[in-house]
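Two complexes come next, and they have one chain in common, subunit A, joined by subunit B in the first and subunit C in the second.
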Partner chain A sequence: MLIKQNNKKGGEKVISVYWFIILFLVAGAIVYMVGSFYGKPYDVRQIEADLLASKASKCVSYAGYLNEEILEPQFLENFPESCAITFKGAEERYSLKLNLTNLSSGERLFETEKGNINLKFSCGLKGENLPFCLERSFYVIDKNNNQYRADILSIVGRA
Partner chain B sequence: MKNKRAQIAETITWIFATLVIVAVLAISLFASSLYIKDSKDIAFFKRTDALTSKSLFSYLLTKDTEGSTVYEQLKSQENFNDFNGNLGKTIFQGFYEKDYVDIWLGMPLFPASNQFFGKRPTGVRPAGEASTKSTFVSSISEKIYLNQDKTLELYLSGEGSIK
Partner chain C sequence: MKMLRKGKRGDTDILIQNVIFIVLNIAYGFILLFFVFTKTGDAAVLEEKYAKQIALLIDSAEPGMSIHLNMEDAIDVAEKKNIPVNEIVKITENTVTVKLENGQGHSYFFFNNIEATANFDTLTKKEYYFVISEK
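For the complex of A and B:
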């Protein structure tokens, strides 16, 4: 761009346009950086619920056989701590339901539910701030070859 | 100092410039608040599934009426019999149908099909079928070695994306 040296006023005006362009660039960069650093927290509830279900399954079944300790009332009373799971400090966010059913007779051996039991009422509903519910099952046998179905419902609410 | 016209012009320029700066900052704050509103979802597909592994181990330890475990039966027989085939179907298709698109249990080398689970899925989506991103299907393969030439495989595939 050619600007005559004797016309300094025009030169200043051209430079001020560049300053405004730089201002827009800086503002845009700030928006992008703030958004990528603070914005959009990662939603890891699905992973949390999956880990919770895996941890509970390890407690129910060991090396393919049913951990028969879980049938004792004391074990169920202390659940989920007896499975090395604790909700301390975040009881409102988590819920874990576990039940064991005999596959051949259909008899339910036990059912236990700990954490925030109200969370389950939101399962099946659609909404961004609703808790994430994961329902999984697995097969397990005891030493007497009795076959069972273990059902786990792990629910993780929004932080 | 006699001529104040230049000073007045510069002041007006800066008043206008200040308004523009405030407007730009206000727009950027508004844009930031819109940008950070939603949460990011993590699309993931597990490479292992603890619950299906547990089911598979228990399945192999299950004994028939003669006291022979499924593991022993599959080791000695060419393919599934009625007992272990139907039990496998009850467990894997019954329990995991809602979690996975394809569920297959069998010997992948020979014979790569059986009457209970059919032919082993290839892991490649057929042409023309609606796909998410790639033609390959995210899958979990759990293998149990029965003997040198024989392997039992539990193949599970879903729709998630690998991260």
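For the complex of A and C:
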């Protein structure tokens, strides 16, 4: 720590001042790092968006075939409850968009969007507090081998 | 570390100084470690962690499932803070609330439209299990 023979006492005092400064700096850095790590909420939006998209895709297709119930008008009226999804009590945090296109005719069979529709305007922007957006597309056939394409956009905002 | 050219008295003084210095440094290190460990096991941190974990478990569950979750650390904290262990997790409507100390606890929403109940496992006394059924 100290190798000094001249004016030893004064030298030790100077060293101890520096030592205290180092101790304070180390303690300050640790407190800052712990505070910044544990002060932020756990961000689970990506997992939530993934689960939301998975739940919607299970609703559209089951065992590789189109769930034909989704073509009935009641399905759209009750969406997303018809897919066992509810945003009741947290509508402002979630958004789910579902499109289904018949690939043979090119006709869009339906397009529905529920939850907070304003969240989609933040998709593509970068920022920690912006909603997380997840897009998924997949192909599905019905029992008559007609081909369809489903597009899902699930968005989860900050809690 | 030190160059000694003193008699016995001086040697003892330097030895005591060094011992005090080392002891103080060790104490300082322990205080910092204690701070880090208390922060990681903090009730508020655990409340948030478990509320979100349970909400995600429920979101990924299907009716008919029963999910067991080890919450030993949270149960220990709740016992220390005199919170009844069977009241740590509550599920009302589509919100999970975890409470480990006096206050509101931490709540998190789940979107899966199913019926979920939270039960304290009285056999292991360190787990909660969640029964998922259709609404």
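What to note about this one:
Just so it is clear, the second predicted complex is superposed on the first by the 122 of 159 C-alpha atoms of A that agree within 3 Å, B and C clash if a C-alpha of one lies under 4 Å from a C-alpha of the other, contacts with A are read in each partner's own complex, and residues count from 1 in each chain.
Methods note: a residue touches a chain if its C-beta (ideal position, glycine included) is under 8 Å from a C-beta of that chain, and two chains touch if they have at least 3 such contacts.
Small disclaimer: the values here were computed from a predicted structure and weren't measured.
Of the two partner chains placed by superposition, only subunit B is touched by A:S57; subunit C is not.
In the superposition on chain A, contact of A:I117 is made with neither subunit B nor subunit C. In the superposition on chain A, contact is made by A:E48 with subunit C only, not with subunit B. Of the two partner chains placed by the overlay, subunit B and subunit C both lie in contact with A:V31. In the superposed model, A:F20 lies in contact with subunit B only, and not with subunit C. A count of residues in subunit A touched by subunit B and by subunit C gives the higher number to B.
When the shared chain is aligned, no partner comes close enough to touch A:L71: not subunit B, not subunit C. Of the two partner chains placed by superposition, only subunit C is touched by A:F87; subunit B is not. In the superposition on the C-alpha atoms of chain A, the part of subunit A touched by subunit B in one complex and by subunit C in the other spans residues 23, 27, 30-31, 34, 38, 41-42, 44, 47, 54. For subunit C in complex with subunit A, the touching residues are 1-3, 5, 21, 28, 32, 35-36, 39-40, 42, 45, 48-49, 52, 56, 59-60, 93-95, 108-109, 111-114. Taken together, the subunit B residues at the contact with subunit A in this complex read 13, 17, 20-21, 24-25, 27-28, 31-32, 35-42, 44, 46, 50-52, 54-55, 57-63, 90-91, 95-96, 99. If you check the complex, the residues on subunit A that touch subunit B are 16, 20, 23-24, 27-28, 30-31, 34-35, 38-44, 46-47, 50, 53-54, 57-58, 61, 63-65, 103, 128, 136-141, 145, 147, 149, 152.
Subunit A contributes residues 1-3, 5, 23, 26-27, 30-31, 34, 38, 41-42, 44, 47-48, 51-52, 54-55, 81, 84-90, 93-94, 159 to its touches with subunit C in the complex.
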